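So, here's a batch of structures to check.
Two complexes follow with subunit A in common, the first pairing it with subunit B and the second with subunit C.
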Partner chain A sequence: MKTRLAILILVVLLALLPAYAGKYAVYVVIHILLLSIFSLGFNLLFGYTGLLSFGQAGFYAMGAYGCAKILLAYPSLLVGIVGGVVTAGAVSLLLGFLCIRHTRIYFSMLTLSFGMMIFSLAWKWRDMTGGDDGLVGIPRAPLEIPGLFKINMAPMENYYYVVLAFAILAITLFYRIVHSPMGLAMQGIRDSETRTACIGISVRKYRLLSFTIAGLYAGLAGALLPPLESTVTPPLAHWSHSAEPVLATLLGGVHTFAGPIVGSVLFYLLKDIIVRFTEYWQLCLGIIVVVLVMGFRGGVASIFLRERGRR
Partner chain B sequence: MYLWLLAAGLTIVFGVLGVLNFAHGSLFMLGAYFTFTYYGLLGVNFWLAIALSLLSVGVVGYFMERFFLRHIYHMDHAFQLLLTFGFILIFDDAAKMIWGGVAQIPPMPSFFEGTVSVVGRPFPVYNLFIIGTGLAVAIAIWLLFERTWWGRMVRASASDREMASAIGVNIPTLFTGVFVFGAMLAALGGALGTPVRVVAPGIGAAMIIQAFIITVIGGLGNLKGAFVGAIIVGTLSAYGILLFPVFELFLIFFIMAVVLMVKPQGLFGG
Partner chain C sequence: MKAILRTESLGKYFGEMAAVHEVNLSLQEGLFTSVIGPNGAGKTTLINILSGYMLPDRGKIYFREKEITRLGPDKRVKMGISRSFQVMNIFPRMTVFQNILLPVLSRLNKTSSAFSSLQSQKEAVGEAEKILGEVWLQKEKDSRGGELSHGDQRLLELGIAVATNPQLCFLDEPSSGMNPIERIKVLELVKKLASERNTTFIIVEHDMDIVFSLSDWIVVMNRGEVLAEGKPGDIRENQEVRDIYLGEDI
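The block that comes next holds the complex of A and B.
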């Protein structure tokens, strides 16, 4: 009950954000929401199914480039976003078939190489992706359903509500997924592959599902980016970008539902604050990562959980 | 050839300790920076500078293993990857802090300048020297592992940690030693690479991907594989960029993925 009330208050606060906060805060929150979606998908794969992927940025970029290409050709926001998500989903389903044949370190390496393949395409396939210049001048097209309504997206506040709606949708859906039999099957695979297989659950099927859903989430986060920034560039697909959801998830807490969201908030705020004091933000981040791995593998969320458990 | 030195260290550490060291490329970078500092800035003798930088990186490796990695061997691979990834961030920014963000171009020792003629074509002396060193190191490592007492202990603990420990091998010390050895190999690669390339923060992240590709193609933990893998990747990127510049990068990752899918233990894995 208490949790529900807290969530309700949070949603109301977020919905009213443009009314009491400046443009910069809105911009930051949009990015936090994107990273949350990205990290949630990653955590389904890592925290719930036990597969550490280093190629998620590839699917993020598929979503971003897919959406950008569509928006450049046909300026309708909804078509662009859905198109981007579908592109990313299709690619991740395809690559999922190949990747889930392995686990542990080989899985990580395989996802890394596929992610980098997408990166090299974005970098070198100039006709399609604009090469290292990326794609520029992507319109923040109006949200429209022909014959029903058409909302102008030019003010960032309006776009903020689109992102917020998608984020809430994605988060709610994620909650349903991990609390469904499917989510439990994935956790079973993480804890013991053999036992899960023995009770008649197809390990392959659930790994593939998990991989594809993670790809869809990465694609959604990616597809929401180009209308905001109006550009997409190859570094979106680089493996160092894949590290962001990894770090956010680790920061917030692996294995927990809210971990990646809490982590995304912390990740962004920490970055924002540290960058103000020093240009060596990576150094601080590195130290945080080392400390987390050494001492607090459950992340921040686990500290709260532990506190609650004690009471 | 310095790709080989880099990959050799990575694969030895993986083969024996079972840790895939993400920060290995950063150790390469540190080796390059230390050499640059000792030789380029302080004017120490070139050979001494290399020895000193190996020693310095060895010390860094010692700290990494002794105080951090050692405590998480029993955990999932994922956490070791994450920990060493944290070290990349730290080393990269530390390098930026100490040596500045711009790329440095280290001086080349004068006795390495010039070319010799190989089969009628001019060939830089320095490249010849690196090839020679690479081969020498390959032979030295082989002798070390196959012919010495220390090598036998290392191989024993690689194949069965508990058994080796039971017959009196001091595993923790041995692991530290192996890690330091791997770190020094990376540093040697970086140190020898310095006179022919620029040194900048961030080369560590670029190098580690190269090293991953090589060790994966050759087989993780397999030295012979790393040697052949380095030659394949080195040749491929050199000729690839000449013949089909657009798909050179793609091709390399494609090969890596195919090897992983068809034969995950690598071309030379047992």
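The block that comes next holds the complex of A and C.
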């Protein structure tokens, strides 16, 4: 009951955000929502299935480039976003086949390599990706279903509501997935792969599903970016970007449902603040993350959710 | 009586060492069968091969006369074969209830359901509750698997193995690490489950008193080979068996 009320208040506050907060705050919240979606997907693999991926930025970039290419050719926001998500999902399904045959450090290294392959593709395949200049001038196309409605997205506040809607949808779906039989099967694999196989569950199938869903989430976060920034560049696919959901999740808590979301808020705000004071922001951020992770074993979110050991 | 599981010249080799060698077994449906033998005799390796956890290097395995030699463990479970592990292998971070619910969901082919809640799986929930009661873990339902006492973890291990409702179930030292009184209780529970659930259990057990009093059939292994098999009375009289258990009272 308490949790529900808190969620309701949070959603109302978010829904009214443009009314009481400035443009910059709206911009920051959009980024936090993107990182939350990105981190949740990552945590399906890590916290729920026991696979640590260092290549999620590759799928994020697939979503971003996919959406950008579509918007440049055909300016419809929905088509762009859905197209980006589908691209990322297809690529993650494909690479998933290869990655999920391995676990632990081998899996991590493989995802890292594939992520970097996507990065170099973004860098080198100039005709397609614009190389190091990236793709520019991506329109924030109107949200439109022909014959039904057409909403202008030029004001960022309008686009904020699109992102918020997608984030709420993604988070709700995620909640259902991890509390479903399929989610339980993934947790079984995390706890004991051999035991899971010996109760009749195909470990590979559920690892692949988890990998693909994580890829879809990364793709969604990525696809929501180009309409905001109007540009996409190769660093989106870089491994250091893959590290962001890892750190956000560790900060917030691997084993709590809301951990990656809480972590994303913290991570983004910390980064945003530190960047203003020092060019060594990565070093400072690294130290703070280490201190927080060691100080709050189980993540910052576990303080709020301790009672029921919710995951 | 008919063989529920049969092997032909089964072999598994680790380098030079024959962990299982030339094993020709015919396990009878409905017979409470024990596999005994000294440490390193190959009992666990045999279970690993029969449950699909490891592939044999030689030989064939038939389940109800269907060849299953190279089938993966998950497929064998679907056919009705399950197992427990000698070294505790439960789901430590999941609750005791979820530990049992997952194999039940697996048996009911419900694990690909991605959007329904666990509570909405009425049939599975009911069955899991029932099994929890059968293995005396009703009270521990909401604890995490990893937080249980050793004895309760062994019971959970047993519960998971029977939750897939197997026709044939291998239990690798279900009472290891327990005191003699607990051992008897657990083995009697297994016997009870065998008759109630119509499951053929093949157990590995070190306590000879229990083995000889509870088993219908005993398979003796030594150095990877089956040294003898037969009724408890015959095994007790077997000189070769007496030799490998030299000094022990059987």
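Assume the second predicted complex is superposed on the first by the 293 of 311 C-alpha atoms of A that agree within 3 Å, B and C clash if a C-alpha of one lies under 4 Å from a C-alpha of the other, contacts with A are read in each partner's own complex, and residues count from 1 in each chain.
Assume contacts are C-beta pairs under 8 Å (C-beta built on N, C-alpha and C of every residue); 3 or more make two chains touch, one makes a residue touch a chain.
Here the structure is a predicted model, which is why all the values come from computation and not from measurement.
Of the two partner chains placed around the shared chain by superposition, subunit C is the only one that A:Ser202 touches, whereas subunit B remains out of contact. By the touch criterion defined above, A:Ser210 lies against neither subunit B nor subunit C after alignment on the C-alpha atoms of chain A. Contact comparison for subunit A: of subunit B and subunit C, B touches the greater number of residues. In the overlay built on the shared chain, the residue A:Ser180 is in contact with subunit C alone; subunit B does not reach it.
Judged by the touch definition given at the top, the superposed model places A:Phe46 against subunit B, while subunit C stays out of reach.
Of the two partner chains placed around the shared chain by superposition, subunit C is the only one that A:Asp191 touches, whereas subunit B remains out of contact.
By the document's definition of touching, of the two partners only subunit C reaches A:His255; subunit B does not.
The touching residues of subunit C, when paired with subunit A in their complex, are 51, 53, 72-74, 77-78, 82-83, 85, 89-94, 98, 101-103, 105-107, 110-118, 121, 124, 144-145, 160, 163-164. Against subunit A, in their complex, subunit B makes its touches with residues 20, 68, 71-72, 75, 77-79, 81-83, 85-94, 96-97, 205, 209, 212-213, 216, 220, 245-247, 249-250, 253-254, 256-257, 260-261, 264. Listing the residues of subunit A that touch subunit B in their complex gives 46, 52, 98, 101-102, 104-106, 108-110, 112-114, 116-117, 119-121, 123-125, 239-240, 243, 246, 250, 279-283, 285-290, 293-294, 297. The touching residues of subunit A, when paired with subunit C in their complex, are 173, 176-177, 179-185, 187-188, 190-192, 194-203, 206, 255, 309.
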